[in-house]
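Several structures are given next for inspection.
Shared between the two complexes below is subunit A, which pairs with subunit B and subunit C, respectively.
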Partner chain A sequence: MAEEKPLVKRLKVNEEINAAMKKYIAEGWRAKKEGEKICWTTGGGAPRELLHAMDIWCYLPEVQSAITASDQAIVQYHMLAEGEGYSMDGVCPYARGNIGEIISCRPQGYPLGTRGGIPTPDILLAFKTFCATLIYWWEALKRRFGVPLFVGDTVFYNRPMETRDVMYYADSMRDCVNFLEKHTGKRLDTERLKEAQGLSGKAGELINKILEMNKNVPAPFDELDFMGTALAACWWRGCRKTPWNAVEFFKKALAEVEERVENQIGAIEDERFRLVFDSNPPWYKFNWFGDYLAQRGAIYVTSSFNRWWPGYNGFRYGWCVMGRDWSFEDIGKCNIPHWINAGIEERIRYLSRLVKDYRVDGAIFMDNRGCRILSYAMLDEAAYLERELGIPTLLYEGSMADPRHFDEEMVKVQLDTFLEILEKKKKNKRGS
Partner chain B sequence: MNHKENIGVYDLTFAISGGVDVGSLTTKAVLLKDHEVLSYSVIPSSEKSEVISKKAIDETLKKADLCINDVQYIVSTGAGRKEVPFANESITTPLAVSAGALQIFPTARTVIDIGAENCVVVTCDEMGQVTNFIMHDKCAAGTGSFLETMAESLEVGLEDMGKLSLKSRNKINISSMCTVFAESEVIGYVHMGTNKVDIISGIHDAVSFRVLGMLNRIRFKKDLVMVGGVAKNIGVVSSLRNMIGLDILVPENPQIVGALGAAIFACNSAKDVCE
Partner chain C sequence: MTQAVEILKSMKRLVETKHDQTRDFKKQTGRKIIGYTCPYVPIEIISAAGALPVWVLGNTGTVIEAGGYIQGYFCRYMRNLFDQGLQGVYDYLDGIVVPRVCDAMQSFYEHWVRYIATPYKWFLQHPFVTSASSALNYWTTELTAFRESLEEYTGSPISNDDLRSAINRYNTNRSLLRQLHDLQRSNKVPISGTELLYVLVSGLIMPIEEHNKLLQELLQGLPVRRDAPKGKHRLMIIRGCLAEDAIPWLQEIERLGGIIVTDVTCSGTEHYSKDVLIEGDLLSAIALRYLRGVRCPEYSPMEPLFEHVLRTAKDYRVQGAIFLLEKYCDPYCLAYPDLRRALEEQRIPSLLIETGEIEMPLGQIRTRTQAFFEMIGG
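Moving on, here comes the complex of A and B:
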């Protein structure tokens, strides 16, 4: 039976994330107790380097919701949020998860999450991407906690970035610095920002190298497995303290991946189908997906996801490597081209390049009911890959953080059928 | 020697292969000899897949005056495909229905399969390879079960719905595709005194409209073939024909096309194994 075949060989370095996260939360509590200001900020578009440079402990509710979903604990929080009117069909499952966690812990005054309590915010920072929900979500947080909120803006684009885009973002950054200095009582040290940018840039370089390694056959790691590390990348990018120093972390990750390549060790046995994935992963089925595919000789070798956290580099392909000299414009260049801000043509161009460079056999899309902005271009993307590159595609329905939108049996049938199509295609190719 | 050990023993020009389609409402079995149907059977899926698939193949063998050891290779498909102990391998429904439809209509490029609880649209190329497929998600809306529930609400026979709907002169609009809500809507129309044939016609349009969405999404091509139990309903076929403005080919026994496709796979697999 297929179920008896070996599973994905996961990266050992990922095991360090849990321990690092526990220490990070403990650090947040230390900061809170000592009267430092705690900041809750958005994942996409927000300049983490600035917060690390100012030693402001930051928390990313979006990432926390992904973690809660992967711990299979998020639905209880969704239901609490839905009880207060946040619709299951209309509101982002990350937002419902976070708000539900806050509701569940009202007596204690802080959301518990699944990894211990989280210090409540003293300031809120939201950088608006194409996702409008973020702003409403952060406004809801402002009402709940009664703390000041800063809203910055990034730019939607379907063309190479222009100077005006960067200047616009840089203006937002200047306002943001004023806001942070006013409410934390800390002054921005530009030398520290330069250092944070340097670290962030270095982390970007390392991530690019790691992702490139999957061009090898067999692929040394499962792209889904590496998605967990995106958490470290997006949260701690620019952070200099161990164990949250992203540079140190990704150095270890690169060494592990390089060793596998050197020894011809694939992440799965008998790699037959190399796949690309587009969308947020369904976090509650995170390991299940990789293993199900692995048992059938398929592996995600690349994805849009691992390239679209704030390091996504739009037209330039790969992670954005931040300049070593500090400037708000430079931070803007790294934060504007978020995948969510990209138009259809840009997404198609990017995916096509991934397909070619990573020798992809098939593309899988998750029609994400939790995030319509991620999904709106998928039919066009799939049509293009099929028509122009002859790549079979599969579009299944799910949600990044709400398992109630995921039908495992239906997805299994769809995956099986898709792999049968790939198998037949491969056979015909051999025959012709 | 059981049939699984038969491979390589017989001259495969005249090999006998079998296909079993374990659906949620009925189980179908087909026996082929050199791509010609020897016999087939359709029985209700009233027991667990292991048992019912055995009953289906036994009945089919009996009709052809054969025993299981005469069959060289068996492929299973359908919802219970993995619980068929005597099958040599299993394939998913989209591949099976496309192979079956192409066997009957070689010009088929799009196959619509509506069974009791599933709806699948498959596209294939001139070489007979499946190029894409789309399945409806999660619920029974727009499938045979939906029609069965509606028939019960209207107190008409499921098999009579097709012919009745063709008599409609003033069709109504069923807006909800959820089986539960649509049932309420239908009962509402009954209470208002709406003619049953018009309600049935509206139900068929609702099913077709859902399939139309899937067809557009997959960018369908001619010729279209409809298979599965619902293809026996002339009302649904006619409604869909009108909506897309194209003819839809329907085989004589649309219910067994999945099992036929599985048997074709079995025949080809048996040859592959021997070669």
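Moving on, here comes the complex of A and C:
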């Protein structure tokens, strides 16, 4: 019986995140009490390294919403936001979760979340590198809290990068520095920024090394399981303090994965189907998904998601690949072509590369009702993989943070059928 | 029948037969037809290049083919535009120009260029932060590149005289539309919202000089119109793009006793509120107007939009606002709760009507609108 097979062997390093997060929130309260400025910033695209270099405590509502969803607690907050008029269909579930948490703070005065209270913002910072929704969301936060907002811009990457695009991004960064200095009273020490950038680059290298390990057969870790480390990559990259030092964290993760490779330990038993995943994961079904596949001999060996932070060979994304020597223009050159900011052609090129390099048997997409920017090219990507690379694909309907858009029984049927197709294809290949 | 009524009827006919009209125009003049999707596209540059800018507009058709490319949880309006493209409704277009506005518009452009064979395509990287220090400079260089690409495509340079002349034509049009809009302030409103929609839309698809002539004649005729609409409740419509797909809803709202006196929509007041000020470098003047002269919820900062909504509501003495919002419109869905609250603080009640793939039956709109009118009284 498929149900009796062992589940995914999860990475132990993930267990450290909860304790570190608790300490991080406590550090936020210390900063608030001592009169330091608290910044709420976008997980996507905003210059975390800059905030760490200036010792500005930052909070990432998107990541918090992912955590709240994985704690199975987000729907109550969604309903509070929907009660104020934020549409279930029209508004991102991360945004609804965050706004609902803020509404729930009455009368405490601060959002509770599921991991203790969060200090309210004194400044807001958003970058238009990922979706436009982030900007609308941060504008709503500005109206709610009445605090200053800075919005940085990144032009859409659907044509070769022009010099003016890069300069425009760099100007945004300089404006961002001026904004932070003005509203926090702190001066940016460029040496500290170089250090943060160096740490960020180092963390990126480590993540890349880890992700490369999954080219091994059997794959040493479940790519979905590794998505749990996104908090460290997204929030703490560039931070030098323990336990939020992303370099220290990913060194431990690498050691754990290397040990598995040396001992030929796979993340699942009897690996038969190697899969690529595209979209945000359904956080409320985080462990369920990997286990359901593991019991049927399937595993995600690569994904677009885990490459958001470090990029990939030939696809220089994000901040993590910069290292110490950089300029704001260089940072622009890395952020403009980011996967989420890219046109259909670039997304197809990138996904095809992952499929080939990781010897993938099938591709699974979450047709994500909660995130239009992630989903807009999915039908084109799936059609290309099927037609040009002969890779079977499955699109199941869901949402990264609203379980009301996920039908477990329906998804089970779809997964079973999909795996049967892969099995049949394998048999045909052996027979020919 | 008065002259004004005749002109309104001719504008309605123009809208209803717009594709045939444009095909004939192209055949007769040999001019290029360039489609665009949003009030952030500087049509003066297209017109100065000798082409006819035509706003690609939503209709009441069901989305069929587009569902195979763009999922159902994307803005129905954009899916409908793409669907029309796939079905060849806009097969006479020589080009398509789309600005960076919302994620749905980006998706629309990406799909159009991939699946519809339109010879000229251009994506305008409009700044997302209209107040940013370098936004105007960047946008001006972006428009310079746009101008050059059009010159290359049409094979003829765009002179400053061409630009100045195009600016004047469109400024005249905006000025005439503002005069028409001003008439709606009076107690005796001369034109219904549905009629106004035909006036606006006809201007988005025909040569602007001809539209200007019609508008001048209409403005002369309207003050003496005897069969003016008799709606009781003065209303403001808030929506992204107000196009033909909205006609059944507007007709129903006005049939029940409402009179739409103003709007905050892309194809309405946002389209004609501000002129291009002819000062200094013409391209910079155009850039400034299209950077800060249009106020939609797509860009940061949003205060100008909120101020515009409240000021318009006050100036036109509206008794209620109707949000006619696309179900999956990210920018409006996130702005709506605060916009509604801001209106409430000014004692202006509002009604939300969500429009989506499966259109709300008119019966539901009727019931809710009737209840809304009872609430606002008068």
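Please note the rule applied: the second predicted complex is superposed on the first by the 411 of 432 C-alpha atoms of A that agree within 3 Å, B and C clash if a C-alpha of one lies under 4 Å from a C-alpha of the other, contacts with A are read in each partner's own complex, and residues count from 1 in each chain.
Just so we're on the same page, a residue touches a chain if its C-beta (ideal position, glycine included) is under 8 Å from a C-beta of that chain, and two chains touch if they have at least 3 such contacts.
From a predicted model like this one, the values you see are computed outputs, not experimental measurements.
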Exercise for review: Count the residues of subunit A touched by subunit B and by subunit C, then name the partner with the higher count.
Suggested key: C
Review point. Thinking of the overlay built on chain A, is A:Gly85 touched by subunit B (first), by subunit C (second), by both, or by neither?
Key: second
**Study point:** First (subunit B), second (subunit C), both or neither touched by A:Met410
**Key:** first
Practice item. Applying the touch criterion given at the start, work out whether A:Leu254 contacts subunit B, subunit C, both or neither, answering first, second, both or neither. Key: neither
Exercise for review: Considering only touches as defined above, state whether A:Lys128 meets subunit B (first), subunit C (second), both or neither.
Suggested key: second
Review point. Between subunit B (first) and subunit C (second), which does A:Thr393 come into contact with in this model arrangement: first, second, both, or neither?
Key: first
Practice item. Quick one: classify A:Asn428 as touching subunit B (first), subunit C (second), both or neither. Key: first
Point to revise | First, second, both or neither for A:Leu379, with subunit B first and subunit C second | key: both
Check your understanding: Of the partners subunit B and subunit C, which touch A:Glu420 in the superposed model: first, second, both, neither?
Key -> first
Practice item. Based on the superposed arrangement, let me know which partner A:Cys105 touches: subunit B (first), subunit C (second), both, or neither? Key: neither
Check your understanding: If you lay the two complexes on top of each other, which residues of subunit A touch subunit B in one and subunit C in the other?
Key -> 379
Check your understanding: Can you name the residues of subunit A that touch subunit C in the complex?
Key -> 84-87, 89-92, 95, 126, 128, 131-133, 135-140, 143, 149, 151-153, 155-156, 158-159, 162, 164-165, 167-168, 171-172, 175, 343-344, 367, 369, 372-373, 375-380
Review point. Tell me, which parts of subunit B touch subunit A in their complex?
Key: 91-95, 127, 129-135, 137-138, 217, 219
Point to revise | subunit A residues within the subunit B interface of the complex | key: 379, 383, 386, 392-393, 395, 397, 407, 410, 413-414, 416-417, 420-421, 424-425, 428
Review point. Mind pulling up the subunit C residues that touch subunit A in the complex?
Key: 68-71, 73-74, 100-104, 106-107, 109-111, 114, 123, 125, 127-129, 132-135, 138, 141-142, 145, 297-302, 325, 327-338, 340, 352, 354, 356
